[in-house]
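Chain naming follows the written order as A, B and C, and within any one chain the residues start at number 1.
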Amino acid sequence: MTSTLTDNGSADCFEAKSLVCIRDDRVLFENLSFSVQPGQALVLEGRNGSGKTSLLRILCGIRLPEAGVITWNGKDVFKLGPEFREHIAYLGHKDGHKPDLSPLENLRIAQGLGKAKDGIDLAEALEQVGLYGFEDVMTRNMSAGQQRRLAIARLLVTDAKLWILDEPFTSLDRMGIEHMERLFEAHLERGGMAAMTTHHRVGFKDNIQLIRINLSER
Amino acid sequence: MSTLSLTSAFGLLLKRDLTLAYRRRAELVNPLLFFVLVTAMFPLGIGNDPVLIEKVGPGVVWVAALLSALLSLDAMFRSDYEDGSLEQFMLSAHPVSILVLAKVLAHWMVTGLPLFIAAPLLATMLHIPGNAIPTLMLTLVLGTPVLSLIGSVGVALTVGLRRGGVLLSLLVLPLFVPVLIFATDAVHTAGVGIPTTAQISILSAMLVGSLVLAPPATAASLRISLS
Amino acid sequence: MNVFMRWFHKMGSPRYFYTVAGKMIPWFMTSFVILLLFGLYYGLIMAPPDYQQGESYRIIYIHVPAAWMSMFIYVVMAVSGLISLVWRIKMTEIFVISSATVGASFTFLALVTGSLWGKPMWGTWWVWDARLTSELILFFLYLGIIALHSAIEDKRVAARAISILALVGVVNIPIIHYSVEWWNTLHQPATITKFDKPSMDISMLIPLLLMALSFKLYYGAVVLMRARAELLERDRNTRWVQELIEGDAK
């Protein structure tokens, strides 16, 4: 189990300062600032088109903000590059795995691309998301919900501290959603951080700190 | 636990792409078939005068190789773009240039490398002298990776666009011209028995140059296309 | 050095650039017209006819400066692109696309005048001469940049994409040039290079340089005009543009 303390003993911190995002000549949001500490989850709310996905993509570094800066432990993430990326895992709208590979093969790739996590077996990760028995099935033959679970399994095989999740519960049924919420809770309780958007009410335990930002009200 | 070493990550991605290509192996033969077909079209178009055909032979083979490369370039990043894997590469803990190099290598092994197999057949069809066939094969082996590397920059810039295919040709064909010129010259020169060290050296230099310069340019272009 | 840095920084501000550029354009335009008239006068009327090519050589006074401009503008475009990618300065982003169309036009002009030059000499409208072929490929490179820019909807992303393309192009241009020269000597006896410049007497050199300078001024004027237009479009929802519109409306 990795600690989230940095070398000099202080906790990791993910911050954004004065972010501005413009799309199609509309200012989606400006002067957006927040700070996420271990154990906290940033929950983005807002209407469709309010910029939730754009903000998440900015937080990952896939998209450049028009202005503002994002820091990881005080250093600009664009300057850190791979050093920052090894601490994050992103789950976007698309699942991000190959339909022509098996779940196990897909997870092996995901693990190889990031920072592999100690003590987790790939098959174990599949079990944790409820895909026990699907190790060698062709991913294209799985249902949408099952493929979403596989995408979530990807989060479990890397040692990412910050999970950036865009509508993670898409295609999942009621039970699946609750199951995943428990997984996310566990991550947060271990000192991880999350930034997520979701359409439904997040049912985390009360001891988890949520930072809510509503992009429609800005 | 730590990240994989760079070579392991490279190898992992290479293996992934080769596995994926193998799982769709029915499609593997298309670039090669296209290459042979296009070459066969030329005598039909310009007449069966052996003297004329022999004159244009190397050029025809290489133009066909360019077109074949162009046709198969689009597949380099498209499926990864569509299922979201490409985004995951950009977020990898490894430098994107190395991941790109792995992908380009896999793509070339599947679409470019096989072309040299057709060289003897095409040489026969186009009356290319026997002593030029090894040179033809060598130019294909040296030149097609350059096409894949230079092409990868163009594909990266157009991967998000709807009808990127036509635009891709415009972006990439002018950059292919040097390869075309030196490769065909090498084959012509070999055909008359003169040593081809100059042309082959230049082709090799282009290969080394594009190996070094193309992956970072492609990585930057992917970043721009995905934002 | 300090003054330059401050000026450079100021030029990065859209509103400042817009006003200053607006004042500079008439100067560029008038100097262009003056030099053009002088250049044409000296070139078409005053300079003596060439002993080999007679009067028809005079088209070089447009062809050669146009070809020089096509290369010069590409380099300026690539440097702008590099600056915009590394330092992310918006004005340099705009310079890339603003230069592309002018550059393409000069390349086209060089091609057409080259073709016109060839007709009285060799009876054909096109020859695969090394220089013309290089110009043709350069033309395609320009078209690629313009096409890529219009294919991408988000103009900020488009600007970055063409910056990379321009850089890739500028690295490849010497290679393409060299390979076309190589190709040209292969298929042609070494004796005649088709578009031999007549040996340059000073009376021929002066109009050439005048024309070259006038073209540069034209480029200056047009690129500033295009940059202002592009800037207005990209910034159309910002306050300074709104104020500008309201100010004009009064």
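Following the convention adopted for this analysis, contacts are C-beta pairs under 8 Å (C-beta built on N, C-alpha and C of every residue); 3 or more make two chains touch, one makes a residue touch a chain.
From a predicted model like this one, the values you see are computed outputs, not experimental measurements.
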Chains linked by the largest number of contacting C-beta pairs: A-B
Reference subunit B; chain at largest CA-centroid distance: A
Chain with minimal offset from the mean of all protein Cα atoms: B
Rounded Å distance between subunit A and subunit C, as computed from the means of their C-alpha atoms: 48
Chain centre separation (subunit B, subunit C; CA means) in Å: 32
Rounded Å distance between subunit A and subunit B, as computed from the means of their C-alpha atoms: 37
Residues of subunit B whose C-beta touches two or more other chains: 227
Where subunit A touches two or more other chains at once, by residue number: none
Interface residues, subunit C side, partner subunit B - complex: 85, 137, 140-141, 143-144, 147-148, 151-152, 157, 160-161, 164-165, 167-169, 171-172, 175-176, 178-180, 182-183, 186
Complex contacts: residues of subunit A adjacent to subunit B: 57, 60-64, 82, 85-86, 88-90, 92-101, 105, 108-110, 112-118, 159
Residues of subunit B defined as touching subunit C within the complex: 153, 157-158, 160-161, 164, 167, 170-171, 173-175, 177-178, 181-182, 185, 188, 206, 213, 217, 220-221, 224-225, 227
Complex interface listing, subunit B residues touching subunit A: 1-4, 8-9, 12-13, 16, 19-20, 23-24, 79, 82-85, 87-95, 99, 223, 226-227
